[in-house]
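Consider the two complexes below, in which chain A is the common component and chain B and chain C are the respective partners.
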Partner chain A sequence: MALFQTAFAMLYQFGDAFAFLVISCAGLAVIFGMMGVINLAHGEFIMCGAYVTATVAREGLPLVVAIIAGAVVAGLVGMVIERLVIRHLYHRPLDSIIATWGISLIATQGVLIVLGSTMAGIGTPLGAVTIGGDSYSAYRLVLMVAAIALLAALYLLFYRTRFGVVARATIQKPDMARALGVDTGRMYGLTFGLGAALAGLAGGLYAPTMTMVPTMGATFIVESFVTVVVGGADIFVGAAPAAAILALIRATLTAWYGQLFGQIGLLVAVIVVIRILPGGLSAWLKRGSR
Partner chain B sequence: MNTRYNDVTAVTTRREGSLWRAIGHLEGPQTIGRGPLFWGLVSLAIVAAAIYPLFADAWTVGNAAYFMVWTFMAMGLGVVWGYAGALSFGQTAFFGLAGYAYGVLTINIGTAYGFTIAAILLSILLAGLFALLIGYFMFYGRIRGVFIGIVTLSVTLVLETFMAQTAGPQWRIGEARLNGFNGMSGMPPLTIPWPGGDLALFPGRGFYYVLLGLVVACYLGLRMLLNARFGNVLVAIRENPHRAEMLGYDIRLYQTLAFGLGGALAGLSGALYTAWGQYITPSSMGLTAAALPIVWVAVGGRRDITATLLGTILVLAGFQSLTIYGSQYALVVMGSLLLLTVLAAPEGLIVAAMTGARSLWRRARR
Partner chain C sequence: MTLPMRTLRRAGTLAGLCLAVTAAPSLAQEGEPIKIGVLEDQSGDFAAATNVKVHAIELAASEINDAGGIDGRPVELVIYDTQSDNRRYQEFMRRVLQADQVDVVFAGFSSASREAYRPIVNQFDGLAFYNNQYEGGVCDANMIVTGAVPEQQFSTLIPWMMEEYGPNVYTIAADYNFGQISAEWVRQIVEEEGGTMVGEEFIPLGVSQFSQTIQNIQASEADFVVTLLVGAAQASYYEQANASDVNLPMASSVNVGQGYEHKRFTPPSLADMYVTTNYIEEIDSPASNDFVERFRAMFPDEPYINQEAANSYIAMNLYKQLVERAGTTDHDALREVIAEGDVCFDGPSGNVCLDPQSQHMSHTIFLAHVNEDHSIDFPQTWENIEPYWLGDEGCDLTQNDPSAQYTPSNPPNQ
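Here is the complex of A and B:
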């Protein structure tokens, strides 16, 4: 029984880290994998989703509705920003990083000025469940399920729907897609909006577990970037295994040495991975399958 | 006998030749500005900067020195990003590392025999070696443009997190307490051994002149380096890595060395910053701090060292006057400036102004 208890505790730690990595990196990975743009305002889209979710939830609407509202608002903001800024920078990837960083600075400080240094949060729902004598947060178990559902939904969206086919065609051969009558500009806008909405979803899902401050997006940044780098260019192949490996490293180090060493372990892992597998996990996995 | 004599003259002429060549590299294809008019303006600027403290009060002079502290990190980023084409978000990691190293060294050993100068040199060395290590993993791993930004940003953010949790008496290196989020303080300022009592350079005229000398030396040295073979290869790599490699250059080595140089220069800024204010905090490695060098270099113009230097000082001065009216808006303005530069003048505002001035000058002469 004690063995089961320890095993479940480890599994819970791992699942928690896995869910966090998958949910926080999904938006970044879609935008980077599909468009080659590193969105440094990723954390601010997360913050946007979290703020909207908290506001709507405090109006008395159910949390699920609030989270969806957060994702939708973040997605719309993302589409506007794509239209105004990102669209001009597709052929200059380094400049698009700088531009999104500018947006990030404006958003963080703007929210601080308009809404103040902190906002009333919402409590973690669902209480706790007791398994084998230890109690665990039920909401975090829901988050683990949500992470797996998110991966499945993204797979279905990009491989089983018309939107997914057209989006992948636009990424792989933009000229050909345009020749076949695809409005590629609109596809880029929609993809960026989807990435922003996923970031907003991450914010909404984690809003009940965090303190609402304008800089809360920074909490997600290192983890999501590291996952995308380890995963490599093809997000559908790379992101999930990358998140699994990194979650294992982080859960183990956090359990034994504490939060900080979990983060340092992630960094060391990413530096070692880029030295051994420059294309990330996805390039390595694809080479194996060929 | 005769051949030996010839050898000696050959060596001496080669040495003199290389000296002349180095001076000749002060102008060249990789830097804007040539001819008597440009160097006349440079000399004028140096003379103006040298007599400026005679007309200003001590606080203003110390403040101007504070601006100059940052220019080394900016010029280093200019080399790494503008010339070598590797966008680094993590220069603040080397800045902070050197800053803490200066503090730890001087608090433990003190100021006797000009040790603070040695401490600055050791801090630069440490930052440079750390940058070489990170650069080795990145460039020998052959990771591409945007990933370099992510890895460097992660490095600086993790260092910030690490230093922020070092509160408590168990986190000490010798006499020096790291003090977690509040940062380290109480280290001695830069002290120069002098007959009849050491000179402690608190922010003021003495420190200003030391910094002015360093900025000029660093600026001219970088001009020579960038117009020499090293700089030309860096630009070749930036323009087309594959072509540079096919021409037989080990691009990994050149990029790693450029990154190490950029780290060492950021380290110089960090050590001098700690010596200037006698404190250093983890937030000097945080997200906002990491954004600042990018803003200076992007706004000024990253592909020219003169533009980087001028842009850094102008943006710093502009933002300081802005903070007087309301510090909370400074970051919003900074972000907007960054957006505006990227969208309207990707080469940088100073470079745009300089090329504009040059074409006006040519048209006027015609």
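Here is the complex of A and C:
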């Protein structure tokens, strides 16, 4: 029984770290992997999703509806920003980094000025479950399921739908896709919107568990960039296994040596991976499969 | 030549007075304004707790100006947003002392920011008020500290909690000088009182995910948890601990009194949190209620009036008294007034006095207890506790100025 208890505790910690990494990096991975744009406003799309979710939930609507609303609003905001700013910078990756950084500063400070320095939270639903003598937050178990479901849904979207085929064609051979009648501009807009919506979804999913402040996006940033850098350009053969490996490193180190070492472990892992596998896990795994 | 000039000046003053009656009150004072630099975090991770400090200073400045200024001179605030960034403190501290030539600076929330700017205040021989509770130990003639210190907050809180809940203590603290030194104080008091530290964990600033920490606490058989968490990100702990049914009483020197977590989080995530604070807006005394009323008249949308707002307001009035008694803004003259040992102010938190040896302030300490519905009650009050530790250990700013920070393991008289 004690063995089961310890095993479950470890699995829970691993799952918790894995869910956080997958959910927070999905939007960034889609925008970087599909479009090559490094989106420094990723955290602010997360904040946008969280704020919308909290506002809608406080209106009395069910949390699920509120989270979807958060994702949809963040996605629409993303599409508008793509139209106005990102679209003009597709062949200037460094400029797009600066532009998205500027957007993130404007968003953080704008929210601070308009909505104030904090927002009341909405509370974590579902309470706690007791497993083998320890109590765990049931909502965090839901987050783990959500992370798996998110990966599955994205896989189906990109590999089993027409949108996915066209999107991948646009990324791999934009000229050929255009020649075959694909409106590549529209595809870029939709893909960026999807990335922003995924960030908004991350914000919505974590909104009930966190402090609602204009800078809340920043707490996701390190983890999501680390995961994308380790994973490389492809979300399925890159980000997902990267999240699993990093979650293992983080959960183990945090359990043994505390939060500080968990964070150090995460960052050391990135340094090692960049040195040995500059293309990330996905480039390495793909080469192996050829 | 002097006579007509004086007449002219008098005429000018009269004209000014007339104008003041008919138009703007700020023209009423004669003489150069007294410039006060204000460096506080109006954006970034700490903004939630510190915006209100700026408002408190603005309230005090407007009251002082309406009542004729400091010694007849109007107060002019020079405010910069330090963005919760230590480097900004250093930049702006240089700017207010060198370019703006302010008479005094009110600066700082986190202890990291205070230690970042303190060498610059020393370098230019400025005078800074640090209006924040902190880990204690700063013995520096260029600093006046109005916030509460460990002998006021922990020597009261920890024994009370151990008496009430038991001897096993788990500390989680922000991983920088404030958290490390505060945890050292807690450890020392727990040992003195015959208790046991069953766990101690330091959390890097900006961390917002606490699953593993929560599990460690649950496995530890602690009787209560000392939470010394700082910043908006770390405040996510309460929600997550509550969702995992930790159900342990909490003790803190920083929560509620600074970040009003009981207002921001859904009940009952902060239930049974005990905080020693020298002021929060729930304190029901005539002076406190009057303060809250005046504050909300000027800032109707203020989310919460916390202990650092009261300390900032008190600091403005202490500075006014110092300058008026000294007849100048010269720092040495001000410190001679402090050395007289009777610089006191009867403000929102009751009567407080400056201690000449350490230039820290006495406080009445309230034990605030958060109920299930996040309302506050006060099971205990400790009247008028002196900031005695530095003086007892050998810091005496009336004699010499080491400009150093001391800790229990590194006291001044070593």
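Quick notes on this structure:
Here is the rule we go by: the second predicted complex is superposed on the first by the 290 of 290 C-alpha atoms of A that agree within 3 Å, B and C clash if a C-alpha of one lies under 4 Å from a C-alpha of the other, contacts with A are read in each partner's own complex, and residues count from 1 in each chain.
The criterion applied here is as follows: contacts are C-beta pairs under 8 Å (C-beta built on N, C-alpha and C of every residue); 3 or more make two chains touch, one makes a residue touch a chain.
Every value quoted in this text rests on a predicted model; they were computed, and no experiment measured them.
Aligning the two structures on chain A places chain B and chain C in clashing positions. Shared-chain residue A:Val226: touches chain B; no touch with chain C. By the touch criterion defined above, A:Met176 lies against neither chain B nor chain C after alignment on the C-alpha atoms of chain A.
Contacts of A:Gln263 after superposition on the shared chain: both chain B and chain C are touched. Look at A:Ala218: by the touch rule set out above, it reaches both chain B and chain C.
In the superposition on chain A, A:Val165 makes contact with neither chain B nor chain C. Of the two partner chains, chain B is the only one touched by A:Ile271; chain C is not. Judged by the touch definition given at the top, the superposed model places A:Gln109 against both chain B and chain C.
After overlaying the two complexes on the shared chain, residue contacts for A:Val85 are found with chain B alone; chain C is out of touch.
Put simply, of the chain B stretches 275-283, 293-301 or 311-319, the part that bumps into chain C is 275-283.
Touched by chain B in one complex and by chain C in the other are residues 108-109, 112, 215, 218, 222, 260, 263 of chain A. Contact residues of chain A toward chain B in the complex are 32, 36, 38, 85, 88-89, 92-95, 97-99, 101-106, 108-110, 112-113, 215, 218, 221-222, 225-226, 228-229, 260, 263-264, 267, 270-272, 274-276, 278.
Contact residues on chain C toward chain A in their complex (touch as defined above): 43-45, 47-48, 51, 175, 201-204, 206-209, 211-213, 215, 218-219, 232-233, 235-236, 239-240, 242-246, 263-266, 269, 301, 303. On the side of chain B, the complex with chain A involves touching residues 87, 134, 137-138, 140-143, 145-147, 149-151, 153-155, 157-158, 161-162, 165, 287-288, 291, 294, 298, 328-329, 331-332, 334-339, 342-343, 346.
Those residues of chain A whose C-beta lies close enough to touch chain C in the complex are 9, 12-13, 16-17, 20, 108-109, 112, 116-124, 126-128, 130, 134-140, 208-216, 218-219, 222, 251, 254-255, 258-260, 262-263.
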